[in-house]
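Note that chain A is present in both complexes that follow, paired respectively with chain B and with chain C.
And then the complex of A and B:
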């Protein structure tokens, strides 16, 4: 078979022919198929991992809950009129009947009953009198598959409780501030905190990062000092985020406390006068994503075709005119994409914020750069660390909020980039 | 022209050189003196001396890699943009060396325009391609007139007058290249350098560019690098033949009126190249 070594062959053949060629061919194809299978398996594994993640989150965010009311609404009906249809005055009498005089007085002093609306009073009745309490929750899979067993369990272990299907992610969850009661807790403070922090972070990191990228790509001479700077920036992108947290703690929280607490601007209030504020978190995250933005912007600037620069120089444009009118517009889609990726990173960052001093429990919204802050990842972390099971459901719901926000960012980035690209194509 | 004053005022010229420059001013638009270009340690062009005739077309021909493009780009300091490049020798333009200290390369390029091998219009509208070039140079006249005039001179007006607001990138390759020429002449340079302006185009578009060059040469001095010897023979008045030595550095072999170089070359190497024996 081996024609190569056949001594009688009229000419020396270096390549396999006939059957030998065919069997060789089969071996080559087999090798290709093997690799293909490996790649498919790799893809499958990652898809499975993602599915497992999604399943886990969805499973925790929906499901049956056992709820027990302190007082059943039916018991509150007055002369056959159900609770929902009672007037404001009737609701106030119910309140007076069920809660202590001291609490009534406090409610009155918070906001007199005479000016409260009917809905407001109704809500008070719901909160103070009916006071539903979630005793236990079941994940979605169990809720769907073990319905009768769950019913049985509720009847046995929680007498007087009702089963209710609850979507843990709901409008109320988005609107409500943090609370110790899992039925009332929401992510509003954390969401606003995240938006404030990321917004300020981008405000600082984008101009500084793009500026540095322009300098390094367009102006900096190729000398040892600049090469050292470049190497440093590349390495900074890989520094663990907790280290940026330590840096932020040392510089912004401790060192610049008068500034970051707002004291210098006369904005300090006793609870935030320690520098653990939104602005400290933003500056820390800005440091963290700065190398990412610089590197991405440099890549984008480097990708601008030389022919475009030459066209500009050839008609007598200066260096700056070339940069401003041609290099930057052409690099902008790439710069934007990099910035949004950096923004997503900042959005999901937890460790440095823990170090910088995120509050784990604040019930009022951040109002500006000098507010105390918490953020979505911090809130998720904090909820998962709680011993009560119910907070796990809240964490899952908060994860959905975080993921949706991140996806929205990326979608905006893609839309912006595509619009800008097509605009440039059309001129 | 104030620009000339700036050039002569800022460049420090020795009196002897000034005299020499004055002598050639009548018919000589540009003169390279012992021009060498280096990329790092590599010498791409070696000691080329050449006098370019005013309002004539000069063709630079030679085998691939012989440094003709590098030499051309040295004539308006385009090589300054390439990191690690270095130029020795002089290029005398309007009586002064464009490489003298104090000469602004931006002004040099404004007065010695360039058209590239691959059409490179800006990703803007046809109108803005020309208007931008004029605007950044401080043009304060009627922009519409300038655009029309430039496009007419580039023999492009009739084809694009209805799509001035459309993207220049939507034009055909040949139209894009003529737009680049229109853009170059909109700022009224004295010399136009063309680096294989037709090599990326089909024969018909090539012919249009060549016709255009014959028109433009009435007002401008044109220097063209070409791979195509027929093109050099067809369009140019003067031809310079460059070759590279053992170190791959380009040097000038022969320079003279195109008729003489093509019909009666003085150098054996020119003859061999023109008759297609190498390169």
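And then the complex of A and C:
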């Protein structure tokens, strides 16, 4: 380079040359590397965020707990025989000795003791007599790293309590209904509520959503009305979900109360008899996910090749026959994937349901569209909002249930799509 | 589709075939079409329902003698129990959480988008995309839990317990930022990917480095898409509910301190409607007035976002 630019020649220097060129180049590359590092670091943050989120949930759903029994099992041993080996009759006498007559009578009327199995009675003794109470919990990381300190603390602050490793997510947690006692509370009611709500939501939103998509893609002429519908759907997808909750509150809960409470069908739940029911929640969520289903289904229908339609028309099929027998089947995998995506959205949605009026506490399973409702996300919200730490553990366990359900949905979507695809190819 | 029938009708070979090919009114097909149109029109009804309901209840709210539009927009105390309805504490808290969300999501989202579209190999991209999709698919109530049990203790650990309250707008805002991060990233990346390759090649041919190409050629060319992504993300952050309901605090407060508790518009609606709410009370109507403000803000943002895409889109052949 140096030899080329003779110092005497009257050249205009447009570009840096010589040493200045080289140092400039180095600086530019340095800047490039620096920013590449910044870009990579930024990308890493989202991975870190996901990791921290999952770590936090796992950390809260396992760990040591300090448990104190109302009556120690050792004290219940009869003539040296430990509690675990007592017969059914002996267990019943223990029950009679420790709990009131009224409660005994209620248990008897629920299911007579003569027909109850030994395991059943044993469980009653555990629940009603031993009655373990969780005093404090520690997260997983602390439980592993500060074992001795925790032991020390328990001995000092909770005399008579013992340490136990507890997985907050366990079979009993899935089976038990809601309860004010964190040791007994479970997500059964909430899970069933979620399934009812999401099931009804899809039942309403799927046909209407796919119908709207077919109309917009196959029938709608390019006129102002149809353009308005299209723009409107795109705008609805951006409306905050809580606004849908308010719409549902005003229309379904209040306006259509006779219908949504089940009164005009004579089906209303005697304990509520207002519009804050599963069906109101489902209709609200259906409005919420309609735009999602429509937009996804439109894309799937648009992707069906034109030649397929032409071939169908060529052999004399009508417009609807073409759509029903040719367009829809080949668009179905896309439509299904979009629908399950929308379903996951409905499953995780909380705010509109709170506004529509989820119950704060129900221990009974929902029995139909006109029951009071709660759902997993609402249960998580209510547990998180409580000040006691133990409910945070429960919330973490419920989050795991929710995330596993969502993962399962998506896995089903992928499997369905793949199976359908390969079948169409063979056929 | 009508042209096809016209074509068929145009080639009528004989009178008997003509009768067979004539377009018959197919009633059940028309019924189906009617039903499908109804499905499409339902979306219009939804929007009309939202506007009517919010408008009607807000009208009832402002008509009552206890409150005026001037008080609503001009004062800074929201205490329904003593009849004070100034919306600014709620709007202010919403703006603070949104600001913090953007502080997190804007730089991170843009940098990630540039990395994914300009630098990352196919292998890296295909392993990073699922992470973003997972983040986008997690329900917001889980993010709320994360804000309260992870980010807040972290902030309190770093800045001191007497500085940061248990409920504060900063940690809610940061977590909303993580929530909208995948949205910004994927929309911005789409916009960057849409810039034709020839522009990059031309830039490289002139001797620009990768960074210079990305920053001075690709990013400006994708401005409209990136801007639309940012505006849409703002709209999402303004409307976000569960994170603020859990982590930002339960009580309207007019404060600019991000480490103090303050209730946002959405947080207030959720808290009040979660309790026992009697219809036709001031509380009930005031929620719809807040809802109307929220709806107008997000609606305007969505329209601006769309307008950005259409107005400033660069069209490449």
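Simple rule for what comes next: the second predicted complex is superposed on the first by the 366 of 427 C-alpha atoms of A that agree within 3 Å, B and C clash if a C-alpha of one lies under 4 Å from a C-alpha of the other, contacts with A are read in each partner's own complex, and residues count from 1 in each chain.
Assume contacts are C-beta pairs under 8 Å (C-beta built on N, C-alpha and C of every residue); 3 or more make two chains touch, one makes a residue touch a chain.
These figures come from a predicted structure and were not determined experimentally.
Asker: Output check: A:250 vs chain B and chain C. Expected answer is one of first, second, both, neither. What do you get?
Answerer: second
Asker: Let me test your reading of the model: by the given contact rule, A:317 touches which partner, first (chain B), second (chain C), both or neither?
Answerer: first
Asker: What is the contact status of A:380 with respect to chain B (first) and chain C (second): first, second, both, or neither?
Answerer: second
Asker: Considering only touches as defined above, state whether A:125 meets chain B (first), chain C (second), both or neither.
Answerer: neither
Asker: Quick one: classify A:308 as touching chain B (first), chain C (second), both or neither.
Answerer: first
Asker: Examine A:287 and indicate which partner it touches, taking first as chain B and second as chain C; both and neither are also allowed.
Answerer: second
Asker: Applying the touch criterion given at the start, work out whether A:326 contacts chain B, chain C, both or neither, answering first, second, both or neither.
Answerer: Touch status of A:326: first partner only.
Asker: Quick check for you: in the superposed arrangement, does A:222 touch first (chain B), second (chain C), both or neither?
Answerer: Touch status of A:222: first partner only.
Asker: When the two structures are laid over each other on chain A, which of chain B and chain C touches more residues of chain A?
Answerer: C
Asker: Counting only touches as set out at the top, which of chain B and chain C does A:40 meet: first, second, both, neither?
Answerer: The second partner, chain C, only.
Asker: Across the two complexes, find the residues of chain A that touch chain B and also touch chain C.
Answerer: Correct list for chain A: 313, 318.
Asker: Contact residues on chain B for chain A in the complex?
Answerer: 76, 78, 81, 83, 106-107, 109-111, 113-116, 118, 120-126, 128, 132-133, 136-137, 165-170, 180, 183-184, 186-187
Asker: State the interface residues of chain A toward chain B in the complex, per the touch definition above.
Answerer: It comes out as residues 222, 305, 307-318, 321, 325-326, 329-330, 424-427.
Asker: Help me check something: in the complex, which residues belonging to chain A touch chain C?
Answerer: Chain A reaches chain C through residues 28-29, 31-32, 35-36, 38-43, 45-47, 49-50, 52-53, 56-57, 60, 207-209, 211-212, 214-216, 219-220, 226, 228-229, 232-236, 238-247, 249-251, 254, 287, 290-291, 294, 313, 318-320, 344, 347-351, 354-355, 357-358, 360, 377, 380-381, 384-385, 392, 395-396, 399, 402-403, 406, 410.
Asker: Applying the document's contact rule, which stretches of chain C touch chain A when the two form their complex?
Answerer: Answer in residue numbers: 1, 4, 26, 29, 32-33, 35-44, 46-47, 49-50, 53-54, 57, 107-108, 111-112, 114-116, 119-120, 128, 131-132, 134-135, 137-146, 148-150, 178, 181-182, 185, 209-212, 215, 232, 235-236, 238-242, 245-246, 266, 269-270, 273-274, 279, 287-288, 291, 294-295, 298-299, 301-303, 306.
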